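I've put the structures underneath this note.
Each of the next two complexes has subunit A plus one other chain: subunit B in the first, subunit C in the second.
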Partner chain A sequence: MSRHRYFKDKLFKIMVFVFAMAGVAPLFAIISAIAVNGGKTILSVGPGFFYGLPSSPLSSSPGGIGPALVGSLILMFLSTIIGYPLAFMTAVLAVEFPESVFGRFIDVLVKSLLEIPTILIGVLVYSLLVVPTGSFSAWAGAIALAIVILPYIYTHVENSLRSIPADIRLASYSLGLSRAKSIFYVFTCEAKRGLLTAMLIGLARASGETAPLLFTIGGNWFTYFQGLGKPIGAVPLLIYTYTLTPYTNYHEAAWGASLVLLMVYLSLFAVFRRFSKP
Partner chain B sequence: MNPAIMIEDLNLWIKNRQILHNISLRAPAYKITVIIGPSGSGKSTLLRTINRLIELTEGVRYTGMIRVLGKDIMDWDVYELRRTAVYVAQTPNPFPHMTIYENVAIGPVLHDIVRDKADLDRIVRWALEKAMLWDEVKGRLDEKPGVLSGGQQQRLCIARALALKPQILLLDEPTANIDPENTHRIEEVLKRLRDEMTIVLVTHNHDQAMRLADYLVVIRDGHIESSVKPGD
Partner chain C sequence: MITIWMHRRRILSLTLFLVLALIISLTTPSLIAGNKETIHIRGSGSTFLQLQLMAWITIFHKVRPSITIEYNGVGSGAGQQQFFEHLTDFCGSDPPLSHKTWLEHKGRILQLPIVLGAVAVVYNIPELKSHRLRLDGKVLSMIYLGEIIYWDNYYIKRLNPGISNLLPHAKIIVVHRSDSSGTTEIFTYYLHRSSDGLWPKRLVGKDIEWPVDRTGRGLGGKGNAGVVSIVKNTPYSIGYVELSYALRYGLDVALLRNRAGYYIEPNTTTIIAAGENAARTGLLPISPTGDFSKELEAIVYSPGRLSYPITCFTHIIIWAKYPPHKAEAIRDFLSWIISSGDKHILPGYAPLPGPVKGIIIRAIELMKSGG
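This part shows the complex of A and B:
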């Protein structure tokens, strides 16, 4: 190799490295800021941060985020329970019945949901559910979240159904299995990993969304779960609300809550990695 | 005796290109009928037409008549037809995420032809024995078929088909990519099955055709060139 080529090669490698670092630097900055500030809060409060109640605005302690954390878990669970079957059936329709006009229409419709600002979905649910019932509720939040996560789950389910090899499909049909049996027993088994991944993606999105909750859940930070028809808290909305207050101890609590959110995210990601390993 | 399969004047088009021309043939019951021809001559298409698997291919149109066990294939319930005349594909295609046991069991379970677990165990074992695979897999029924060699996987696919207790076995070049040892075994399996079911075997291997055929059909470019009984 000539010296000239050698240096060009070297230079190229350095440039790639520099740009890659520039790309991930903000991510590292965010994660380390959250880890440092959130870590401080959680260490100062202790385990009570996860299950305790918030403190009063001018007290010295950041207090706990128990109700919001439990609310988040309930909302994640509910919205996935609602959104997943809908997304799954829609994807089945689009992939397994490509000849149906309805299937193609649904495909376009669901994918365009990805483009809608999520706050509009919150407003929609507000006007259809919160106004008529006269109350913010866990239901309203779960439905808004379900609509938000539906297209993400759909995309992943669709991809994993589409990636089932043609010879596996042939094998299923050559055993005389009907389309329904092939889909629900053979294809879901063969696409198991992708289908689970889709669920984790749904949970992860549901855990982090704020906008769809603004007009739906009513942000209940002080009492644990009251029922599906009652207001409920959620960690991302707590972070948003606390950050807007002028109180230092609430800002500290928001940092701690951010770290909790990040940990929820990372643990879902870790499970995701386990499933996506071949 | 009535032929198990009777094809009369079959013409078939895929996307308006004619693939099969005026095919007429009979596959006698409890015999091995071998269809031999160069690749691209329409063997797989013909085999998949018999149990209507071809309908999964886009743009297929055909004329003529096919009777399976005396009944027009259009009068059959299509899933019942495919279970009665099972197709085994050219490349082994076991379900990779199911265990060896599940691969064989899934047909009988989903067709509701087992009474209980013991019954299912019996059918799975019977099918694996028939496919001469039992001794090689009996200790690892819970493993995935990925641990098996290509030849073993093909015998697993034959066992999976046999577990449906079919009356007709449609085999598409079952030894095409398989070593001589496994080829020999699969041929042995087929010879032993001959008394129990009707077999239609597609191959492009002349020697194999001679070893197995009770009846031999030669196909070229979608036409039947000759149809003989070897030894005549």
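This part shows the complex of A and C:
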């Protein structure tokens, strides 16, 4: 009998392991495909891939992604700088003031932002900002991205604020700290890991979005950064355009650009891990 | 309190790092860009034109580094909208402006056919090997209406007497675009024009309800790439794609019966012939200020022995007047396309025939005289 139970237990453990592996296998498949194909491109082009300009479809060289890469980095940081404080304060409202009417609805409202197709956010910013100002701009792209990443950051911030143990809250208040001080000095430190992860999630989402940029940034292929009020390039837009073409050198460039995005993300991840060590 | 201070310091240094990163990424590129004399010209629109423009711009950029041309493929419709909102300096559009839009902006805009393209009918019938399938508008219409079910149908055999015994008794898998597309519009327009009304006018458009889908043999592919991959991987399928995709992925391309009754393969010669014969119909204006809205009627299923029937122009639409430095830059680019553009045409695209090039030359003259 005990033998029987022993095998059942083993079987269960094996099943857990197999299913877990099957769950993460696609992720590893994607990462390895990007690393292998993108690596080939970057090695063949050399460092010029990072700062060079695109090549012709008639050429055999994948060319460079310089203007798009610079544009993407700027858009990532700018959108997080705009989106993070908004998401943070919204989360504070929802968690710390749950009894207020607004606090009760804000959670549903922000989370419903997740369901809006991101292209619509791009079109909204296009009609509210791009058309009135008469120009595509980095600002417009960053604001569209900020709206897209807001619910993601919000969800993570909200979760980490909610997970603060009640005794720490009570301890903080019993020291005589005001609500604002409790939030900024005690709760943020307690939930630091979650708050940093939220920032990372925001940056990562901002780095990979294409749809909100289609009608907002204009897109630059040959022009480097000229100012926040001017059109700008972005890597996802370049990947999107290149993959839809029939040309091999553009497909190679798209793989390389994907690897660059992945590297940007991983290095950010490493930096954040370093900072969020307890 | 000490631990709180330490946490704050970490958070502080993290913010500092982010701000520094932002400042560095903001300043370095403007240092690299340097040259303030550069003139920037911005356009958007047709994705079909985007690739040919990329080929031209990369070379033109080397010849004239002081002019930078940026173009983004957002689709012809969105391109026109952005152009009329003054967000861009020019737009690329597969169809010319409609008669109504042209009337609205008459005299202030110039329309220039800039390059020719074609839609290829591709198929996957392993039995045919290197033999080429011949089709005409009526049979294609019947296939896309779902009325012809098998490849060894009487009508298909009649068009292919030499290989009629090779045609298999297999059901035809009919592939079309699932997304809204100018390629679909031109293809369905061709079906309508060439089938004596068998293909109804209401089924001409960018995104239509395909009758063949009701028979369960219709399949939609996203983009040209989607149609290519379905046709490539599905034996006994047929589809339509931009010629450049058919060539690049080595699909079998059908010979289509043109108005004069010849079976024509899409290539540079037959595409240019269609353009030339379209110019002879008199439906095309000779000035860039004219109304091009009848153009599709002229070039799709155009007369002439050599004309490939599903050919189309792609256009650049510009204003007649610009600030002087912009006008000069655009003129320079157009002049360069006229003089050197033909040497850098992508496979699947074709340069303009001489008479149509005259429209661009006239536009350059008009811009010189200040509209």
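A few remarks follow.
The rule is simple: the second predicted complex is superposed on the first by the 236 of 278 C-alpha atoms of A that agree within 3 Å, B and C clash if a C-alpha of one lies under 4 Å from a C-alpha of the other, contacts with A are read in each partner's own complex, and residues count from 1 in each chain.
Here is the rule we use: contacts are C-beta pairs under 8 Å (C-beta built on N, C-alpha and C of every residue); 3 or more make two chains touch, one makes a residue touch a chain.
If you're wondering where the values come from, they're calculated on a predicted model, not measured in any experiment.
Shared-chain residue A:Leu124: touches no atom of subunit B or subunit C. By the touch criterion defined above, A:Leu113 lies against neither subunit B nor subunit C after alignment on the C-alpha atoms of chain A. Shared-chain residue A:Phe136: touches subunit C; no touch with subunit B.
By the touch criterion defined above, A:Met263 reaches neither subunit B nor subunit C.
When the shared chain is aligned, subunit B comes close enough to touch A:Gly176, but subunit C does not.
Counting the residues of subunit A touched by each of subunit B and subunit C gives the higher count for C. Of the two partner chains, subunit B is the only one touched by A:Asp167; subunit C is not.
In the superposition on chain A, no contact is made by A:Ala35 with either subunit B or subunit C.
Touch criterion met: A:Tyr185 reaches subunit B and subunit C at once.
Common to the subunit B and subunit C contact sets on subunit A are residues 185-186, 189, 192. Taken together, the subunit A residues at the contact with subunit C in this complex read 51, 53-59, 63, 67, 70, 73-74, 77-78, 80-81, 130-131, 134-136, 185-186, 188-189, 192, 196, 214-215, 218-227, 231, 237, 241, 243-247, 271, 275. Within the complex, the subunit C residues that touch subunit A are 3-4, 7-8, 10-11, 13-14, 17-18, 21-22, 25-26, 28-30, 32-33, 38, 40, 42, 44, 47, 50-51, 54-55, 57-59, 61, 68-74, 78, 85-87, 223-225, 228, 244-245, 248-249, 344, 346.
Interface of subunit A with subunit B (complex): residues 167-178, 181, 185-186, 189-190, 192. Subunit B makes touch with subunit A in their complex at residues 51, 53, 56, 79-84, 86-89, 91, 93-98, 106-107, 110-111, 157, 160-161, 164.
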